[in-house]
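Below: one structure, written as structure tokens.
Lettered A, B and C in written order, each chain numbered from 1.
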Amino acid sequence: MTAPVRLGRPPVVLLVPAVLASALVVVPLVALVASAPWSTMGERLASSAVAQALALSIGTSLVTVVACLLLGTPLAWVLARVQAPGLAVLRALVTVPLVLPPVVAGVALASAFGRTGLVGEPLRELTGITLPYTTAGVVVAHVFCSLPFYVLSVEAALRAAGEQHDAVAATLGASRWYAFRRVLLPLALPGIVAGSVLAWARSLGEFGATITFAGNFPGTTQTMPSLIYVALQADADDAKALALVLLAVSVAVLAGLRHRWLDPLRGGGR
Amino acid sequence: MNPRSPLPSTARTARTARTAARLRRVAGAACLALALTGLAACSSGSSSTDASGSTDSSTDSSSGQVDLTILAAASLTESFTTLADDFEKAHPDVHVTLSFDSSATLASQALDGAPADLLATADTTTMDSATDALDDAPEIFASNTLTMVVPADNPAGITDFADAVDGDATYVACVETAPCGSLWAAISKEEGVTSQPASLEVDVKSVLQKVTSDEADAGFVYVTDAAAAGDAVQTFTVPGAEDHVTSYPIAPLTQSEHPTLARKFIELVMSAEGQKVLADAGFSAPQG
Amino acid sequence: MTAPTDDTGGTGGSTSTSADTSAAGLAADLTVPGRVTARLDVAAGSVVAVVGPNGAGKSSLLGALAGTVPADGTLRVAGRDLTRLTVPERRVGLVPQDAGLFGHLSALENVAFGPRARGVPRRRARAEAADWLARLGVGHLADRRPAQLSGGQARRVAVARALVTAPDLLLLDEPFAGLDVTVAAALRGELVSHLARAAAERGTVTLLVTHDPVDALTLADTVVVLEAGRVVQTGEPHAVAAAPTSEHVGRLVGLNVVHRPSAADGTGEGEVLTFPPSAVVLDPEEPRSSARLRWRGTVRGVTRTGGVVRVLVETTDGASLLADVTPTSAERLLVSAGSEIWLSVKETAVTAATMRP
């Protein structure tokens, strides 16, 4: 190891808030782990509802990420590269789910895709498909809440990749589609990975919009957060045990990804 | 982008006076201030209603008033608001603050030492879970039964209970861990219902919301909720509902700073006057 | 058909051959609104150096030629009308200022990108790329990523990447900026032969944006001086250097350039006066000499090079002038940044030229 660069002591004005910030995040997590009913953990988690909810959460969050990749990447490209009136408004609208209380998101989704919703009613009349109370409805709710995280991340990465690369690729004879596939996408990969992780995390923890729009039924629409909320109404220790499972899954995935993929997240993305 | 963030009124007045860039900073500072001064504003699901209807802060110490805080189950919203008004008229120096939420949430808040004087829940199980925080034995002051509601225009053309649970109708009920859900579970078992609800909602208000928004053909809620919904729903009786009642207990909390006043409020609830308010809201007399 | 090594020559209809280069070349009349307006008319095989101060519109002109910056007007290259063509259809090679290599591709893949994008099979594209890397002396770096290349190596790869597509017009944006002096000199020397070869084989017109007069003198056969979005001078490099009409070029070649209005009332374009810094005399007070040309100003910089002290003075009418004095007189005059001073120059040391209308 070479000696670290000596730029001077880290300033206290930065260290103290940093310690406070860490404590704010770490202490509740530690407290959750410490107060969990470890002795009865096995029997608390042995119900089929837990397995169903966990499988549903993992499944829907992965489908959500795929949906973000397929729909969000093109949207991010349009926002980053196309100049057209109204796109600034579109960008603002796309980010609205970030600030929308999840329950409001659920109400909005019901107004659009519910049985009597703007899109939902014609959809049901034409195809017989309804989204509420279905796993597809859960995914729609998750995509609604996760997409902004993904799109913002990828749009920033595409902008960072620079329009100069577009220009050079074009002079070399590349169509925009070819340049997108062969230049922009690879260059934006760190942002795409970061966006996918954010979207996945948001999806895994999504609760308000899901339960409001898609409902809560074991096996079809009851995700881990819904199950935890329900458990909280009856037995806080059950809820803690379930929360630990969700925590363990997230930590395992994030830690597993970290070395290979998340370095750009920490390095600022190049 | 103009987020409808729950800013305090001071930040909202600033909106008109300053530029958008400035507003963003103000809003950011306001959010930060909220986060630093307490997370109350961030907690979901709880609604704190000021009984007097004014928008004053609940603790107005400068006026020299006594503040009585009551944690009450969500289904008591209408009746307890009326009772709090009556109580304030009888005791002009008292200001009643009501906090409505699900019974389980309130019970755990009471256990965590929430600064409140009384706890009123929608069933005895949740009240029992808060035993350590109770200053006195709970008293049953009302009971509630299950009923079936359908949207006002009854899109599925439901004619009765059997029609709702035997056909293709989409119906919703409470999850079994909620008091309304345990009633539903008992009745559906007794009636031999084989179909499943489309969703098990976490509380009775969510069930009602699914019905009033036409997202469900039918839902099982308390009689009081059906009454509060008024013309937004049609009501059908549920067979055997009268055999499965949930009892509403009320009890003073150990952390209360006004035990005498708390006692007086319980007396009001149990009085003929209080019982009439509850009956008007659809509650049955206390049973058991 | 994009292979410049393909000795059968251009098989595509749009490819120019040496036979018609005299009729081809570059004819541009372009306006980027608010940025630059320029008319260029150069023969096939020309190397044009575009010089001018920052903000003169050099990059906009380059973008307008490449098609990446929206512009009004017309553009013909190698007998083809490019005005309405998209960038990929224009057959223009672009080497951006910092080389602009694709960071996720190796040097070889960078160069092979153009042929691949135009549909050349993978193996052949890579063979062509390897050949071009070797020609530019970086064949041994084929597997390196751009981050592992030095500035000079990256420029070579970028030039190879542009030339492999056999462009009709090659655009180089500050090709030597930020390079070590010796690296720049070596690359400049090689570029001369590559540009000459492209010109001879295909009539390729090269346009390079630069702020270094050495580039213009060694690489270009035509110099275009841009100032404030307009072409202020066009000509052969030596002619432009000998009689600059703009302060920017004057400064580049080490001459003072002053505009003198024709009319006594200060109107009209009039004459351009150029004179070397050594002809300027400094005085602490208004000189009593017969010199007609005199200015008062503030010293903005003092640099000592060898036996000469070069003084930069900002005159009261806003011009910047250079004066070379001996260290002794600099000391005697107490010249230092911020001091007030008078400058004068004898009419006999001044070259006067009438401004182009």
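Simple rule for what comes next: a residue touches a chain if its C-beta (ideal position, glycine included) is under 8 Å from a C-beta of that chain, and two chains touch if they have at least 3 such contacts.
Predicted, not measured: the structure shown is a model, and the values here were computed from it.
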Identifier of the chain whose CA centre is least distant from the whole-structure CA centre: A
Of all other chains, the one whose Cα centre sits farthest from subunit B: C
Geometric centre distance via CA averages, subunit B-subunit A, whole Å: 32
Centre-to-centre distance between subunit C and subunit B (centres being mean Cα positions), rounded to whole Å: 77
Distance between chain centroids, defined by C-alpha means - subunit A, subunit C (Å): 50
Parts of subunit C lying in touch with subunit A, wherever the complex brings them together: 2, 63, 66-68, 86-88, 90, 92-94, 96, 100, 102-105, 113-114, 116-118, 161-162, 165, 167, 171
Subunit A residues touching subunit C - in the complex, by the definition given at the top: 164-165, 167-175, 178-179, 182-183, 186-187, 189, 270
Sites on subunit A touched by subunit B in the complex: 92-93, 95-96, 99-101, 103, 107, 110, 114-116, 132-133, 208, 211-212, 214-218, 221-222, 226, 229-236
Interfacial residue positions of subunit B with respect to subunit A in the complex: 1, 3-5, 44, 102, 104-105, 108, 155, 170, 172, 175, 177-178, 196-203, 206, 210, 213-215
